[in-house]
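Should a chain be cited, it is by its letter among A, B, C and D, assigned in written order, with residues numbered from 1 in that chain.
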Amino acid sequence: MLNVNSHKQIRGIEMENSPKNSRRDFIKKGTRLSLLLTLGAVGGIAAKHLTGEKYVWQIDPFKCTQCGRCATSCVMSPSAVKCIHAYDLCGYCDLCGGYLKPDANQRSTAAENQLCPTAAIQRKYIEEPYFEYVIDESLCIGCAKCVKGCTSFGNGSLHLQIIQNRCLNCNECSIARLCPSEAISRVKASNPYKVKGSFTKEGKS
Amino acid sequence: MRMEHDIKLKLSFNIALVSGIFCITVALLLLLNFMQMSKNKPLESKALTSLVKRLSQEPNSDELKQEIRNFDLLARKAYFNSQWQVKTGGYLLLFGAVVMAFALRTLIGLRSKIDEPLLKNDNELISRMMTQKWVIITGTLLIFLGLVASYASVDHLKKYSVDESVVNAKPSDDQDKIEVIQVGQPVIKADSSVKVEATSNVKPNKTINPEKVVTVLSSEKIVPVIGKTAFPGSKEIRANVPSFRGPFGNGVFYTKGTPVEWDATSGKNVIWKTPVPKKGYNSPVIWENKLFLSGADNTIREVYCFDRSSGKLLWKQQVDKIQGSPAAAPKVTEDTGFAASSLTTDGNHVFALFATGDIICFDMDGKRVWARNLGVPDNHYGHASSLIMWKDKIFVQYDTNKSRKLIALKASSGETTWETLRKGKISWASPILAEISGKYQVVLSTDPMVAGYDSESGKELWSVNCMMGEVGPSPGFGSGLIFAANEYARLVAIDPIKNAKVWESDEYMPEVASPVCANGLLFIATSYGVLACYDAKTGEKYWVKEDGTGFYSSPVIADNKLYTFNTAGKMKVFEVGKTEKILGEGDATEKITTTPAFKDGRMYLRTPKYIYCIGKK
Amino acid sequence: MKNKGITLFLIILAVIIVTSVTFDYYFSKPDELPENPYALNINLLEKIDNSKILYTESRNFGLNFTEPSGICFSEGQFFIVGDQKMQIIDTFGKLKGEFKFDQKPTCVYVSTQNIFVGFRKSVSVLNREGLKMNEWNSFSDSSVITSLAEKSGILFVADAGKRIIRKFSLAGNPLGVIEGKTGNDQIHGFIIPSPYFDIAFNEDGELWVVNPGKHALENYTVSGDLRTWWKATSVRIEGFSGCCNPAHFAFLPDGSFVTSEKGTVRIKVYKPSGEFLGVVAAPSRFKENSAAPDLATDNEGNIYALDMDKKMIRQFVKKEK
Amino acid sequence: MDKWIKIALIFTLLIFSLEGFAQKQRFPKPEFGTGYSQPTPVTPEPRALALEYTDVIVLLIVLSLSSWIAIKDRSRKKMLWLSVFTLLYFGFYRDGCICAIGSVQNVALTIFDPGYAISITTLLFFLLPLIFTLYFGRTFCAGACPLGAIQDLLIVKPLSLPEWLRKTLGILPYLYLALAVLFAATGTDFIICRYDPFVGIFRMDAAFHMVIIGIAFLLMGMFVARPYCRFLCPYGVLLNWMSKFSKWHLAITPAACIQCKLCSDSCPFDAIDYPTDEKQVKQRIWGVNRFLVYAVLIPLWIIIGGYAGSKAHVWISKANPKVYLAELLISKPEVRLDEKNLDVQAFLSSGKSMEMLVDEASVIRRKFYFGGWIAGGFMGLVIGMTLLNQIIFRTKKDYQPNKGNCYSCVRCVTYCPVKN
């Protein structure tokens, strides 16, 4: 113990006395300060473009070309992208281009007629001649088959959206990187969806 | 103590072993599942597709339908099962890995005795030598890789030329020969008599709201539009001011009875005066009863339409929401601004270009027709060249520090019709239209050449190397010759047909104001205040007038009079003649850098804050 | 060397990592990506046997509209509405007149005396000189007028929003509505899922109406009784596809139907009986997923389609044998 | 409900700007006779902003704790449990995103693209660990980095790597950093995130190749401690610089070193510097001459590196999707007819002209050219400096952690017989 203490003392004295050490300390201090300043500068430049908003990824349904990459490129499986139904635009048709295969055998709910590979769209009869189509989000894999069908043959009420409680909000969205039509961009988290518009809620303008 | 240690050792070893085997099993199962899934994707199985195909051939086979339903159910079950398997397998693997990690750590912790500290017996010097060797090898390798990459990769972008893209364009599958007719708009005479006459025909009817029918035309009143010409002919262009420096951009206005005297302070000959909302160095352009200007600051860009007779601001439109438009405005100098380019119009539309590269088209009522961004210009003063158009094309001199281009855009849609890459350096001069051998050419002045381009194809027709420096003045045209000049370069008269210089001079050279030629006389106004008159054909100097202040505003000729504005805002009107003769003077009392426009005996002048209409009261 | 096994193991792992990254990097290039496994192949429907194509495109009239919406051909002139205007163009492409409105017209019908211009919720009656004679505003807020037709002093207004056809006298008095509902099981009113609802009179003066939700063309008496109908549902060229087609139709001089469809755009001709005759324009001639072109015909049997994307009138003439 | 109406209103505005769709959109729904009420699409909210700020606070607490443990408390056990917490919270709970390592790219993009806005959270995730490191050493790596934690917990039998190998592989992080910044600044890609080995494990869900990379790294980590941290982590480069000049740093011994050599094998990262062997130093065959040569060579390394980088810019810029697409269309014009090539078809139907695409691509390539010079020059500097460092001998008397490389994991402290 004594040995250690004396050693310490000796070292202490050496440190204080050695001009080499104090110079080194000075250089160190200076470098530290300049590193801190650099960090400050980087932070300052970045702070110019700082936003307090949170941003999340979302699809612009008007740009979407239903290429199918949302289903395969998301880091989640199944994808965080799912089909959303804008009921306001729906024609409630018996012959639904999003529900039925283009050359469906019958207009029925039988498997051979359904377009959706996971049977995620439920067809409900309302009244003659109208049918309601509801998407079971837990089954939807975001393949956009129905979206393509609805856009080509119907009113375009089915469209893809990133479901925000499933999306991990990656630093860079892996679907956005591969989206051929650049339809995915960051939107403010306070307004995280781009659901297609409506007739009834539009108001007069 | 020892016993306990041994038991612990054994236990942890066994746990590690079991969990390790467990992990490997789960991992293998997952891998198997993955392979199975990627090999025969249940959701897109070929079997199912072929069954459905068969169904379309025998649509009434109930057996087949049942088969499909069963298969479909199976496929979906398989898919969701495997999804579940992946999830569960993942968690099991994680659990196994955690257990194994703990067991292994304990095992190793228990096994390791407190050893004699190992003495490093590497020789530090040898080790450092090795390090140096390997670092040098790595560095060289990296450099080598970079160089190999450069030689192994091709820069296809450099190979790209516009012609190629035309050749490569998607062949149309239309085999038919389709005759294309562009339906023109009627030329509506701006006299109000038509309206009066028409409304007088209206039979009184309770529900009629005469405002609903804004323009009423009976077929006799319509001037027929011939053939494909939806665009104004040279006669109409002469009657208007569709671009910077008058019809065709050469500084000559075809109007009679212009005023020679006025005064901003006393209001003498000032018919009206209207403030312009935003700053801009562009000059007014006029079509019929409408006068157009643009203004901008670093956030907002606007196009204005004024009523020519009253000076009322008819409409004002913001230029925004353009794809590709930069979020932050590029840097421009104060004396260029964001709206230096004058507008152009074909009588049906008006087109405006800004320093952000945004080009926009409005119809005469301010309805936006199209807009695009030509790419943000890299221009150290800011883009300043004005627009001009002929037939269905708008010509944009789009010089940037990166590339020198003359672009022709389709007036109807803004699509690029052609684009000609030019040699030489960046220029700020505006293109002019010159009718040479019966065809209209776009003429541009730049360092080092003055050149003419075919307005149809963009092909360079002639080019004379004679310019130098940062060219600001646009070329002039008259007596069949092209005149180009720039300070510290020279004044040159070019015969575009012979593709040769006719004469040159280096006595008085303008910096900003462009040369103008009429009646065989050429006028030059320099930024140090000299106004010079030459013989256009020979270059003989007739007279020189020293003015204390310089000229930025281009001298123009209207009603056979030469109008000049110096930067102090003083107007001097000269006779277009071989001797100097002042016909009148005026004073704007503000700095004038823009060029006035003349129509129907009136002069329209933009000052830093106002637009003036000056005419005989 | 110590730990030979471990070193080998480590080297193998390093190789695995490097290859994985390289593979991912190279195979996520746009042209290296796997094909869309979920593709809905509707391109197959667009490939049409050349022998079925009976018409050839002969002329295009480029229009000065940003959003054309309706066309009518009468006495050698096209009447085109769109934006906030109507233009009259002759068959040489000469602009004969232009009329401006304060709202966007949706459709136009020209009779010998009058020009009827439909707006979303109103109809204007102009005389042939373009003077406004009358305007009817008595429509519901949810009205969407998509087509007009006049016969013997009665104007028929197709209201897609209310899914009815309204009748008016030329003086503007309502004369009742046609709901298309009959006792017949096959037809239950007009099913109109999107704003496409076309009506027209043929040469014999019969009122024909598209029931797009049924892929049917229905013939009504003036009083609103269903007389006859035909339908054709198929994604194949013979029928109408999607939820609401045909979007527009017109009659050829011989009473044949010319129909146009939206989504996968195609123009076809059907015999007066409803039997498929042939194709006028295949989907490959149009932009994918675009609006259906409005149709007009002339006395010589030429077909004019108003292309909403290219903003032009496209003339189709019968191929010569 | 209010929110939904707001969204609807905003979209109505959006739709008015897209007039082509307007007509379709304004069409009224059928009037149902059966009293059917229309459902509204379910649109779950994203994670609340407040929770993002919680992450920053958690980071701050973990950093403080980790620093306190490393410098004052010196308990390996506490550090271990802290890293377990980090792994569970930032790793498995927060799915490994956003992390300080990836934030380098966000900062780079913010500096070079004025249109990009960086969130406060991201900026703090970038700055906080660096500032802490500047004062307390790399305590972030020890306790607050989930990527470090998962590797640290799986060290089984760490091998000591020879110095030449460590130093050579140590160049990789610099290269990775240079490329990551270059790619982020040109808006090309976020490669750090794209090839993050452990994020797939944290999420229990990833593409196949990511799982493979992740497991490979973990297996490697059993024998080579923290392979990602030492030989790839680009953020580690910055931390290393900061740590070298840190004010306080973990010390092996609380008092004076008694040269017992017990700690010498304790560090799995080979980050303990041994006392200088004076005999060997005296033996050295190179002297001032080589020092001068290496010092003079540094500018040459920089220039040659920059030249090579600028030469390689054409190749590197092909990683940018826009450049790639433009080149594809130029070099293989027949792809225009390939209906299966979605990107080409999407471009052709976008109405954008080829010239515009080529112009945009050229601008990006130009950025790569300048970026190539800078990145290449930087790599040259790194190599030159590494070489120069090999010549310099600093006399060390004790066993002490190498301040740049030490992760402050506190393992060595346990071995030190000197307590208090």
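Note that in this section a residue touches a chain if its C-beta (ideal position, glycine included) is under 8 Å from a C-beta of that chain, and two chains touch if they have at least 3 such contacts.
Remember, predicted model here, so these are calculated numbers, not experimental data.
No other two chains have as many C-beta pairs in contact as A-D. Chain A and chain B have centres, each the mean of its CA atoms, that are 32 Å apart. With centres defined as mean CA coordinates, chain D is found 21 Å away from chain A.
Rounded to whole angstrom units, the spacing between the C-alpha centres of chain B and chain D is 38. Multi-chain contact residues of chain C (touching two or more other chains) are listed as 30, 33, 36-38, 193-194, 288.
The set of chain D residues touching two or more other chains comprises 24, 26-28, 30, 114, 157, 194, 205, 207, 321, 342-343, 349.
With touch defined as above, residues shared between interfaces to two or more other chains in chain B number as follows: 43-44, 86. If each chain is drawn as a node and touching chains are joined, the picture has every node linked to every other.
For chain C in complex with chain A, the touching residues are 28, 30, 33-34, 36-40, 42, 45, 188, 191-194, 213, 215, 233-236, 241-244, 263-264, 288-289.
Chain A makes touch with chain C in their complex at residues 66-69, 71-72, 90-97, 102-103, 115, 117, 128-129, 143-145, 148-149, 151-155, 177-178, 180. Across the complex, chain D is touched by residues 27, 34, 86-87, 90-91, 94, 97, 101, 104-105, 108, 115, 117-120, 122-125, 127-128, 130-139, 142-147, 149-150, 152-157, 159-160, 162, 164-165, 168-170, 321, 324, 326-328, 375, 402, 415-416, 419 of chain B.
Those residues of chain D lying in contact with chain A across their complex are 5-12, 14-16, 18, 21, 24-30, 32-34, 36, 38-47, 49, 52, 95, 97-98, 102-103, 105-107, 110-111, 114, 116-121, 123, 126-127, 130-131, 134, 189-190, 193-194, 199-200, 203, 205-207, 241-242, 245-247, 255-256, 258, 321, 342-343, 345-347, 349-350, 418. Within the complex, the chain D residues that touch chain C are 19-20, 23-24, 26-28, 30, 157, 159, 194-195, 197, 207, 209-210, 212-213, 216-217, 219-220, 223-224, 319, 321, 324-325, 328, 335, 339-344, 349.
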